[in-house]
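Both complexes below contain chain A, partnered by chain B and then by chain C.
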Partner chain A sequence: MKNTLKNPVVYWAFVLPSLALYFLFFIYTLLTSIGYGFTDWNALEPAHYTGFANFKQAFDDSDFWVAVKNNMFFLLFSVVLQVPLIVFFSLLISGVKRLQGLYKTTVFMPSILSTSIIGILWGFLYHPTDGLFNKVLGLFGIEPVSWLGDTKWAMFSILVTNAWQWMGFYIVLILAAILSLPKEINEAAAIDGATGYQRATRITVPLIMPIISVVIMLSIAGAMRVVDIVLVMTNGGPAGATEVMASYMVNQGTRYGEYGYAMALSILIFAIALVLTAVYQFTIAKRQEGIEY
Partner chain B sequence: MNRKLALVISSVLALSTVLAACGGSNDKASQSPSASAPAASSASASPSESEPAKVEKFDISLRHIQVGQAQQFRKAILDEVVKRSEAEVPGANYEYDAVEDSVNRWTKLPAEMAAGNPPKIFDLFGGPGDGQKYAKAGKLLDVTPILDELGIKDKFTDVSTFVVDGKIYGLPIGASSEGLFYNTEIFSKYGINPPKTLDELEAAAETLKKNGITPFAMGSSAAWVPLMMVNTMMARYAGPDIQAGLGNGTHKWNEPEVVAAFAKYADWEKKGYFTKGELGIDYAGQTDQFITGKAGMLFDGTWRASSFKADGDAIGKALAGKVGYVAFPSVPNGKGDQTAVNYNQNNGYGFSADLNDNERAAVKAFIKNMYTDEFQIRGFKEDGVLPSMKVPADQLTSDDPVISKILDANKAATTVFPHFDSLVVSKVNGEVEKQIQLLIAGKATAQEVTDAIQKVSDAERAAAQ
Partner chain C sequence: MPAAIRKTIPHVVLLLYVAVILIPFAIVVFSSLKESNAEVASHPLGFPKELFFDNYVKAWKQAKINVYFFNSLYISLSAAAAGVLLASATAFALTRMKFLRTSKWIYQFVLIGMLIPGNVLFISQYILIQKMGILNTHMALLLPYTAGAIPFSILLISAFMRSVPAELEEAAIVDGLSSQGLFFRIILPLTVPALVTVFIINYLGNWNEYLLSNFFISTDSLKTLPTGMVGFRDAYQTNYPLICTGIVFSVLPVVVLYAFLQKKIIEGLTAGSVKG
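Right after this comes the complex of A and B.
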């Protein structure tokens, strides 16, 4: 048995089928997609090579840059607002003794729901006349806000919904890190007279920095590929105010049949995401590795 | 012991998979009451055949957009057509695939066309952005021979938006026009008469607004909804041939009359004549606004008439007998016929070019059963869908007060005009949708909006040459 498994022919026999499938469904499709990015393919007629025309068009396309800007909103919102809140809530939950399991489950719940359901549910909350938020505002005599219909508010409304959906997931990650820290460190600090706030900011947070870094990383990646929540809640509207890169790409492909252009956009999206994550990795994340206790 | 347990578990799993598969087909049977018909009726259809007919069963996919309660009457007609067709074609099982209208038109069908696997029968729009594009790419079945064979080719009033090189690639299911529904109760309460001129319409809107009622119910989260009214206003200001002109490039989006139409619309936006927060309200929400009496008027297609019937859906029937209908009033200094009404027969059924003999027979049966006087008249009477075929004029009467009013309004018109989206390419249509939302949001003026649309229109025209 042992000798058989050491025989290269045998392990190739096991590896080859999955490698073949991997090439067929991933590498091959990826390469053809990249290839189509340089054509005027409309999926109905044969494609013609057009060089960098699609990329030039993308750089001149103001609508695409609005979408890029909206992705950056997503990114900033996640990293600057969401992550501190996630850490704060994790510290709170880690501090409670009773019903901790209940809190963990409750905050985690939204991330197991489907985005479509969340989009529709929050659509009701945001409804201009019958929605909960406007009803509450109405109690204070404040004029109803058209949350998803106002170009000023639509993006913010989606960001809040998205944050609600995903914060719980990250809270559970960070909570796990906090709870796995050796208790002695905290206890020693407490004996030395450190307050809860001091222990949290001076001990716990620095010690869980690697996992916070991972959360930031995941937030960046998430902000780059966000699309479903936008499609469900506003489909990029009103007037393109909430369009993100991926939804813009989908629309260019399916709605207008400009698959060549859509492929070029997808390459650009990939490049932008790659650059952002690389910059983060090589600057901030690198410095936070190797914490020992 | 463990092995036994594994065996039991895996056989349960295997069995449940098989059962689930059966369940799937049972589901289908219970879904459409017609599914049980073919076996029995095909036997009776050909009793003369001596050999016990070994019927080869086959599925034929049928994509429709009759989703939800507002479409219940049209769905019932479809069910009847499918039932009859299944009885005629041995072994045929029409497999329903219900998809919401705009999802089908803008997302699902284009993707399926690109991938080369559209359903065999599907809901299709005519025009250069949809049907004609697919026909040119060889994706649609040329139904001309089938129409010849059935002898109904000349029965259609107008199939032009489905025609490429003299061949017909789709069949309009019905026609519709668009106009103003109004709440008669609210109108009489405030002493408003059905408006005949633009001034009267604006005065009515002012009165409603003063009394805390939204003049026009509007839900613009999907831009085609406000564009219905804009389309008619364009025809009032620029004449009923404007849509054709924009389609073939002899007219421009930013010519003064079209700008005037957009400017009037923007003016009404500013005066608050439309539902507040309309960009966050969808089409169903717009209907709700009207049905619940929050809005006095509703500019919509005649297909909406069935929502206000006594035997209609639970909410809408509260309005039964309380809804009036007028064509959009004339505008001062408007060009051309001011009585012209919008008349679309752009939506119907198309068929995949890729059919085997069985499927071809099923398609033929579907066309034969669907496109009859009977269903044209039934669609009209039950649902306010105007016929797309020549049916005896004396049949086109209705007890339904709303539909009678629609008929009166249309009779008064001597000219008809289409919706521009059946004549322009999808990129231009997409730009109009974006720009109207900018106009509604107050972020662009009528001139900026129309200039932007013209720019895209020019670019598309240049690219096509």
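Right after this comes the complex of A and C.
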């Protein structure tokens, strides 16, 4: 009887298809990236090994550093501004009884839409002459702003659109954690005379710290791989002001055929993402372990 | 502060947030029913003077939104279904079948995939797809979408399968079920909640994917909705009512579906992530 579960034919039949796909699209491609990252391959001529030349080039490539900086903007904007707002709105929604369903459903809605369609929709709102924002500014006699065309505003405009799309998704995650907390703790605190604000900051937020930590992790990961919204709204422009690492890499590969360089960039992006994750795990996330209720 | 006011303040703040979410949609719907750019421009938030449905006919005929829509639907559904099926079979073998050392190694190997941010491999995947000779076919999206979901799906489904009590399968084996029978008739039905979560996450990811579909597919009739709509915008950049109609066409089916399924979607997403 024990042998039923020790059937190598079934075992490999169940494991190999996934493993083959995984190997092909993750491991093999990762190895090609690493391999070609050290060459000058441009898909037309055979590749030559060039050592660390691509990486040196990347370090001297000011355009790439602008892209890195923009990714960091994304990261800071989502962690420093969005996460507190997300927690605030989650607390508000968890505290109301009436209309809770409506809030939960509505705020989540943008997250199910495609980033590219949201990019088009917001591009329409940002239109320099006929878009909503400049119409509203016009009511106050303020000069129209070229939201996506002005290097000062383009990045900010994309960040706002990105926040509009994703905040609800995280709110729903945190809300679920709040609603699954044992009610007794909060009730006991209320009887002891704690105000709603005190209960939120001293009881609820510490208790949901693990899920807030997950949301911060997801925001960091999201900021590192952002690309669609940039390609659709500005394609990195004006003058590279909204270029992020991934869009820069994609453009180097597909537009200029610099495949070797693009693959070296992808290794750098991977390395930066690993370092950020590790730093986060060893500093902030570690301190939050061991919360029990 | 009187209780009534204290109870109202959260609603005021939250309704403002709801307005911020809904106003862009309202503007797009109103604009899609307006006759000209001039009317859109003069009162962006105003209700159309007269409902002008011609845009809808025009967009449906010119924009091929229906073609993009069904391409997206077919690719997202099949890749999500294939991913869930492959991952659950693998998770079953890794967690319930008795090749413990091999399973441990394979599991660790697959976990490496979770460390790699999706876009990093884009250029090499592009080359791979080109080498396989499937560039510009639906296979160019089906394979990477299915493969891309595998690490996360195996991780989540494995965690769920480990919690199924061993007595259940022992009883089934005594009753004469084979290992594949055990998978299809006992374990798979028991893990449906986890499978639904994984399916929804993968499906939404595929439905919204832009980068691969933009570069791997160039034939218009094979394009998915996100890429098709960008092409449509670029072609009719100066006709706001028409672009808005395109947006309505591409958003409406998803929003309607969401209205029906929102409970399941929200629960499915939260069930998997909260007890982390």
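One rule holds for everything that comes next: the second predicted complex is superposed on the first by the 280 of 293 C-alpha atoms of A that agree within 3 Å, B and C clash if a C-alpha of one lies under 4 Å from a C-alpha of the other, contacts with A are read in each partner's own complex, and residues count from 1 in each chain.
Note that a contact is a pair of C-beta atoms (placed from the backbone, for glycine too) under 8 Å apart; a residue touches a chain by one contact, two chains touch by 3 or more.
The structure presented is a predicted model; accordingly, all values stated were derived computationally and were not measured.
Undergrad: Considering only the touch criterion stated at the top, classify A:129 as touching first (chain B), second (chain C), both, or neither.
TA: Touch partners of A:129: chain B and chain C.
Undergrad: Give one of first, second, both or neither to describe whether A:142 is in contact with chain B, with chain C, with both, or with none.
TA: Neither partner.
Undergrad: In the overlaid three-chain picture, which partner chain does A:151 touch, first (chain B) or second (chain C), both, or neither?
TA: It touches chain B, and chain C stays clear.
Undergrad: For A:45 in the superposed arrangement: first (chain B), second (chain C), both or neither?
TA: So A:45 only meets chain B here.
Undergrad: On the A-aligned overlay, A:254 touches which partner chain: chain B = first, chain C = second, or both, or neither?
TA: both
Undergrad: Report for A:284: first if it touches chain B alone, second if chain C alone, otherwise both or neither.
TA: neither
Undergrad: Name the chain, either chain B or chain C, that contacts more residues of chain A.
TA: When the residues of chain A touched by each partner are counted, C comes out ahead.
Undergrad: With the two structures laid over each other on chain A, which partner does A:240 touch: chain B (first), chain C (second), both, or neither?
TA: A:240 contacts chain B only, not chain C.
Undergrad: Go through chain A and flag every residue that touches chain B in one model and chain C in the other.
TA: Touching chain B in the first complex and chain C in the second, residues 43, 127, 129, 254, 259 of chain A appear in both lists.
Undergrad: For chain C, which residues count as touching chain A in their complex?
TA: Within the complex, chain C touches chain A at residues 7, 10-11, 13-14, 17-18, 20-24, 27-28, 31, 37, 40-41, 44-45, 86-87, 89-90, 92-94, 96-99, 106, 110, 112-113, 115-128, 143-144, 146-148, 150-151, 154, 169-170, 173-174, 177-180, 182-183, 204, 207-208, 210-211, 214-215, 225-227, 229-230, 233, 240, 243-244, 246-247, 250-251, 254-255, 258-259, 262, 265-266, 269-270, 273-274, 276.
Undergrad: Which positions of chain A touch chain C when the two form their complex?
TA: My answer: residues 1-2, 4-8, 10-11, 13-15, 17-19, 21-22, 24-30, 32-33, 36, 43, 89, 92-93, 95-96, 98-99, 102-110, 112-117, 119-125, 127, 129-132, 135, 164, 168-169, 172-173, 175-177, 180, 210-211, 214, 221, 224-225, 227-228, 231-232, 246, 249-250, 253-254, 259, 262-263, 266-267, 269-270, 273-274, 277.
Undergrad: For chain A, which residues are in contact with chain B within the complex?
TA: Its residues touching chain B are 43-45, 63, 126-129, 144-151, 154, 234-235, 237-240, 251, 254-257, 259.
Undergrad: Okay, in this complex, where on chain B does chain A touch?
TA: 106-107, 110-111, 113-115, 133-134, 136-137, 139, 220-223, 276-281, 285, 294, 426-427, 430, 434-435, 437-438, 440-441, 443
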